[in-house]
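Here the chain labels run A, B and C in written order, and each chain numbers its own residues starting at 1.
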Amino acid sequence: MQTKSYTLAKLAEKVGGRIVGNGDCVISRVASIENAGPGAICFIYSSKFSKFLEDTNAEAVILTPELAVDAKVPVLIVDKPRAAFAHITALLYPHYKPDAAIHPSAVIDASAQIADSAYIGANVVIEAGARIGEGVYLGPGCVIGRDSVCLANAYLHANVTVYYGCSIGMNTIIHSGTVIGADGFGFEHDGKEWVKIHQVGGVRIGNNVEIGACSTVDRGAVSDTIIEDGVKLDNHIQIAHGVKVGENTIMSNGVGVAGSTTIGKNCMVGGMTGIRDNIEITDNVMITAMSLVSKSLTKPGSYSSNTPIDDTATWRKNTARFRQLDEIARRVTQLERMNKKD
Amino acid sequence: MQTKSYTLAKLAEKVGGRIVGNGDCVISRVASIENAGPGAICFIYSSKFSKFLEDTNAEAVILTPELAVDAKVPVLIVDKPRAAFAHITALLYPHYKPDAAIHPSAVIDASAQIADSAYIGANVVIEAGARIGEGVYLGPGCVIGRDSVCLANAYLHANVTVYYGCSIGMNTIIHSGTVIGADGFGFEHDGKEWVKIHQVGGVRIGNNVEIGACSTVDRGAVSDTIIEDGVKLDNHIQIAHGVKVGENTIMSNGVGVAGSTTIGKNCMVGGMTGIRDNIEITDNVMITAMSLVSKSLTKPGSYSSNTPIDDTATWRKNTARFRQLDEIARRVTQLERMNKKD
Amino acid sequence: MQTKSYTLAKLAEKVGGRIVGNGDCVISRVASIENAGPGAICFIYSSKFSKFLEDTNAEAVILTPELAVDAKVPVLIVDKPRAAFAHITALLYPHYKPDAAIHPSAVIDASAQIADSAYIGANVVIEAGARIGEGVYLGPGCVIGRDSVCLANAYLHANVTVYYGCSIGMNTIIHSGTVIGADGFGFEHDGKEWVKIHQVGGVRIGNNVEIGACSTVDRGAVSDTIIEDGVKLDNHIQIAHGVKVGENTIMSNGVGVAGSTTIGKNCMVGGMTGIRDNIEITDNVMITAMSLVSKSLTKPGSYSSNTPIDDTATWRKNTARFRQLDEIARRVTQLERMNKKD
């Protein structure tokens, strides 16, 4: 993997921080504090890891003012070491971006528009009317459907499928195996069988979004499905038809959001959580992993469902009692009545 | 997206309904009642939305007899507005189907049979002995394995993978990223390591089935995995080896069905539900979202598991008590005994 | 599907067993005891199925010494019939492996190294610096990223995506739609928006691993994500950045393992289980389906969470009481106090 190098002083300038020690040391990679060696920068965000500061072979360390007491190596002092570290990873490890080119094996409809600075990989298929913006990267095997749009610097890894009539925003990253714009799951039973409701909305994905691998964002039934700017979705996510996900909301692996639900801005949804259809989740909601959200959440805050892990024998006894929970509660009420009479 | 146009009278004739108002108005698209404009038809299935009837700019509205009181616009009166709407979406928005052709970039084994009216997209790979029926559409990047069959008018979106020896029924739709016929998950521990049980059954998918994006239907261990006619599966579904899914059963996103389980006809399985192996679910069973089906369900009806969402602080207190549930139940019984003695 | 044939005597020699009856009978396929016919071998591991022994048309049957009493057909006697059966499936149904070749439609960078005995399928893309070992099979549409390695006899079904800098071990099988090496889900909020932490570790997958369809193994944030030898992962699995899965551990469909968690050897993880980040699960742990593992498991044994399936009406009553569980427990304690006073 090709990386870039910066002096510590240059990094401090880029991410905004203060240096203690030699700012001329050259940083070319990141590492964990335990395994760091020459050329590597690492970060500590908690005093729990201070013990490693004595012995680290790192070239430099990123620390908060409180932790930066007597490190033996050059130190970059910032308020948020992890955020500074994130910015530095982008500097040292820029996204692989080959020179603009269209691979000869790509199949591009004559009516598609491809910006000069775009890179179109091997075996990419671009259908009629699609538009590929400046600096876009389409990895091998991507398919861009009719009239779909990838705005400037969108980055689609290999084997992403985008159906017709969808748009992908600027700087948005989509990982392999992900499918944008498949039909929403809409059927109506006519008394005999399920009749397909043809899904005629599209998908609009904003800028600076990232979507993981093997995720799906379905097209809307009538109106578009919308992913706003800055949203981050992990792998195996399902966003159903007509869902709207607000700015900077983040979802971990395997979350499923059912049709026409609206999720606010700055929410955090834990992995493998299911969110039912046609509800609203307000801004700044946090939901812990594997919850089932069965109703609208109108107040910011943290929400959970599910039961705790236990050894199977104990769990079996407790879960059997779950079946009697209503009865148990009634018996407690009855006992209270009897005790009052006494 | 190319749509077709019909007069309201023609639509009424096609879906079976009665018109009040001008049947000559021309319908070319669908919309929601709030956003409808010229050329658009929409539907109302509940009096909740009647208020919009006053002001809608829709060209026409589909209503039940009860709701069709004093609409200002032409009305199509039917018993099931949503089913009529579904049928109309199919008329106005027919599936994209290019003229029969084999894209020059497709790689087709000489022994494969391709019907004259089929469309084979760019970079499709069709292996030895496969048969592609009349009117089939294979989107870009699809792979059809040895001796697999796509019957008439099957419609595979881009990047669908079908392994060897599988069959896809007539009019069946499969969305991108979906994998049909991967090996069932079968291993046996020989005391030292897991030994693969080679999976030698196939997959048989019926007619008029629809399977969403990024779903998997594994091949059988010995006998075939079977999806019967009219089944509708959403995205991220897992159908394991040897499972049989009965006619017109419908499953939402992320459902997992483990090996050799049989599911009846006309079932509805809520999203992210897990169904264990080697059980039977009878016809007409409904299962709510995120349930764990750990035993056979022999009676029609609705089933559920899981716990309700709550604010995390409250949930934490309650879920901690779940660990004591058996003990609490015993204490209640003890209290009852003591109270009786009194 | 092409199969091989063996005499029963030859099979006994290969899997280590004793024959009663005619060892010269020829076996060319496997079947279930109920449906077996000429040429088929089947197995019985439980006396529950002994009744079929009377009437089976199987060519031969695999049995334990206890069950092998008076079968009418030739019998292969072994201690573990299912393990013997597994070995026999591999003999009768060898993996499809075409002669070494590079399909002319494959796109291979000049700097990639391809062993002479490898098979590279149609539309495969192999990027710069990648190395493909002896006997490797790459199905149609696979993409192997820069500097990634497939060791001897790795078998990648169609449409697998491997990012840059990953390694796949010997004899390892990966199914279609699976993505190895996508970016781990790492972001840090800088007060304004989520900043991507570029993921600079790789993925190292051991020997004799099998990974199902539509699964994902993300690259590490700093250190590699590691899947040790003999691990078996089903479909729709998520292995997040920096996770380590120990030897011979097996996971069913839809399991999600969050970042930097370590899982021991010989574990069995039930389907759709979620395992949180930064915890450790020791060797020989079994977790039942749809559990949420929210803490380290330091002792071998079986673990569970979740609640039992019930009819929805009953469940509704019980699940509503879950919200009062802490209160109920307190009321029970209060009653006990009152009873003691008496």
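By definition in this document, a contact is a pair of C-beta atoms (placed from the backbone, for glycine too) under 8 Å apart; a residue touches a chain by one contact, two chains touch by 3 or more.
Predicted, not measured: the structure shown is a model, and the values here were computed from it.
Rounded to a multiple of 5, the C-alpha superposition of chain B onto chain C involves a rotation of 120 degrees. Residues touching across the chain A and chain C pair largely diverge in numbering: under half of the numbers involved belong to both copies.
For the pair chain A and chain C, the distance between C-alpha centroids works out to 26 Å. In chain A, the residues that touch at least two other chains are 105, 123, 141, 159, 177, 214, 236, 254, 272, 306-308, 310, 319-320, 322, 324-325, 328, 332, 335, 339, 342. Listing the residues of chain C that touch chain A in their complex gives 105, 107, 123, 125, 127, 141, 143, 145-147, 159, 161, 163-165, 177-179, 182-183, 185-191, 193-198, 200, 214-216, 218, 222-223, 236, 238, 240, 254, 256, 258, 272, 274, 276, 286-288, 291-295, 297, 301-308, 310, 314, 317-322, 324-325, 328, 331-332, 335, 338-339, 342.
For chain B in complex with chain A, the touching residues are 1, 3, 29-32, 35, 80, 82-83, 85-87, 89-90, 92-93, 95-96, 103, 105, 121-123, 139-141, 157-159, 173, 175-177, 208, 210, 212-214, 230, 232, 234-236, 248, 250, 252-254, 271-272, 289-290, 306-313, 315-316, 319-320, 322-326, 328-329, 332, 335-336, 339, 342.
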